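Heads up, the next two complexes both have subunit A, just with different partners, subunit B and then subunit C.
Right after this comes the complex of A and B.
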């Protein structure tokens, strides 16, 4: 029992197991919701929800015309992407609680905050220009036989090389 | 034999791995590196990398979600 707990719930799964589980989940999601896994559109909807609450409601720009994407009855807060994002957070929380690795992490130094804000802004901006992050524009795009997934993969590789150089120079 | 210490608490992947890589490069064969981390992917990627390099290694979970990794440098750069 102890051994099973350690293998399944405590130790990290091998990459190939995780890959099979993720692909099966993505296929189920596509069958159930008609759309493969996306993440950052959910954050965009949250931003739009805040704008809407502040009184802004002109979501007619070309971006939204092309990528509004809400099904009937969905709102910026309650939609399939938002709920899935919330569920991912909940699942991650459950996983660390079950493996008893839950821990509040402190901020190490101001540099970490600066890099987090700068990196977050770049990622958010880039994800919208690319119509998705490494999930929507890569993990879901390539199995959908979309060429943009491969373009995204190459660009992500280049970004990764530049990013690690910056990290090695300033963060390590 | 020298003992080196790396505090990687509160630092996300892959910073603990990169810090270990940088530190190990400056160490001599037989030196011991002790690193503290609270990121569970360090347990995977640091250990995989150290194993591939052929260093001796062990780790323990010292608290909930907190680990100490011990690495003895085996191969010398020269």
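Right after this comes the complex of A and C.
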């Protein structure tokens, strides 16, 4: 019993176990809420919430105006994707606390910040064009039998090659 | 760098990390767990629209952290260090999900007469926008050292750098999703449609085709991992 407790809660899980658990959770999400796992549309809504706070609210022609995505009663700040994202963050925090490994990890050098900003901007920009990130447009899209998932996967792989080249050149 | 050296480095880091954080954090873990259970129960009792996304999200985040699962590393590792364990796991997950989504789709819709909009899942138009978006995303993911879910997970672990990534991610989303969207929409997205494989070749052939392709990719990733 103690051994099982250690295995589940303290030791890292093997990748294949995580793969099966993540799939089952994604399937449950689709069955129970009608929508599979997604992440990045939530980031767009957060950005729009900030824009609104700053006094900008002309969203004509935006992704949101054309494709929508919020149910009645949902706001840019509080909606199912936001809650899902916040929950993913809290779940990770819970896991790291259980194994007593939480620690504020400071930024080591300014170069890292540059890469973080550049990488983050590229991901955000790309995700909106492609209707999602490697969750919505890949991990949930391929199992949905939508061709965009496969096209996204190949393109993301090509991007990975470019990114790796950049990293090896400037980071190492 | 060889994969053994990477593994050795990972082990050393893990050890260092354990030494640095040998303080017991069980109290905080119990408090957070209690809060999560309380909130989940409250959502359920009130039949909140968020009653499922919250607990499932917690479990997704927990699983990602517990296993150090990272979609960015699944793409990056084969390219840089030649290890494919994570890539194999991602492909396995796609196979399991394919089966689950398929069952749900065939029980939800009338397979002889359906509308794309009725199909449960992530079905979106495909076009050059997917290609450009995918390339930008893949490049950014490797440079930032983590994708969207990975960024959320690392913030939960206490990484300050990933808060910067999240900020930039939100910024990039607004840039393309609000300010540049009319341009991209007119240029590439307007008129694009969802291409749903079962509509082209039938439900069961689509399932068999997809599982076969994923199976071949799994075997190829396995072989590549062994070769290195």
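Simple rule for what comes next: the second predicted complex is superposed on the first by the 165 of 172 C-alpha atoms of A that agree within 3 Å, B and C clash if a C-alpha of one lies under 4 Å from a C-alpha of the other, contacts with A are read in each partner's own complex, and residues count from 1 in each chain.
FYI, contacts are C-beta pairs under 8 Å (C-beta built on N, C-alpha and C of every residue); 3 or more make two chains touch, one makes a residue touch a chain.
The model shown is predicted, which means the values in this text are computed figures rather than measured ones.
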**OP:** Superpose on subunit A as described above, then tell me if subunit B and subunit C fit or clash.
**Re:** clash
Original post:
For A:38, is the partner it touches subunit B (first), subunit C (second), both, or none of the two (neither)?
Top reply: second
Subject >> subunit B versus subunit C as contact partner of A:26, first or second or both or neither >> reply: second
**OP:** Considering only the touch criterion stated at the top, classify A:91 as touching first (subunit B), second (subunit C), both, or neither.
**Re:** second
**OP:** Return first, second, both or neither, reflecting whether A:100 touches subunit B, subunit C, both chains, or no partner chain.
**Re:** both
Original post:
For subunit A, which side has the bigger count of touched residues, subunit B or subunit C?
Top reply: C
**OP:** State whether A:12 touches subunit B only (first), subunit C only (second), both chains, or neither.
**Re:** both
**OP:** Scan A:75 for contacts with subunit B and subunit C and give back first, second, both or neither.
**Re:** neither
**OP:** Return first, second, both or neither, reflecting whether A:168 touches subunit B, subunit C, both chains, or no partner chain.
**Re:** both
**OP:** Name the contact category of A:147: first (subunit B only), second (subunit C only), both, or neither.
**Re:** second
Subject >> subunit B/subunit C common contact set on subunit A >> reply: 12, 96, 100-103, 105-107, 112, 164, 167-168
Original post:
In the complex of these two chains, what residues of subunit C are touching subunit A?
Top reply: 17-18, 20-26, 28-29, 32-33, 36, 49-50, 52-69, 71-72, 75-76, 79-80, 85-86, 88-90, 92-94, 96-98, 100-102, 104-105, 119-126, 129-145, 147-149, 151-162, 164-178, 181-182, 184-185, 188-189, 194-198, 206, 210
Subject >> subunit A - residues contacting subunit B, complex >> reply: 12, 96, 99-103, 105-108, 112, 164, 167-168, 171-172
Original post:
Any idea which subunit A residues touch subunit C in the complex?
Top reply: 12-34, 36-40, 43-44, 46-48, 50-51, 59-64, 66, 71, 73-74, 80, 83-98, 100-107, 112-113, 115-149, 151-164, 166-168
Subject >> subunit B to subunit A touching residues, read off their complex >> reply: 9-11, 15, 18-19, 22, 38, 40-41, 43-44, 64-66
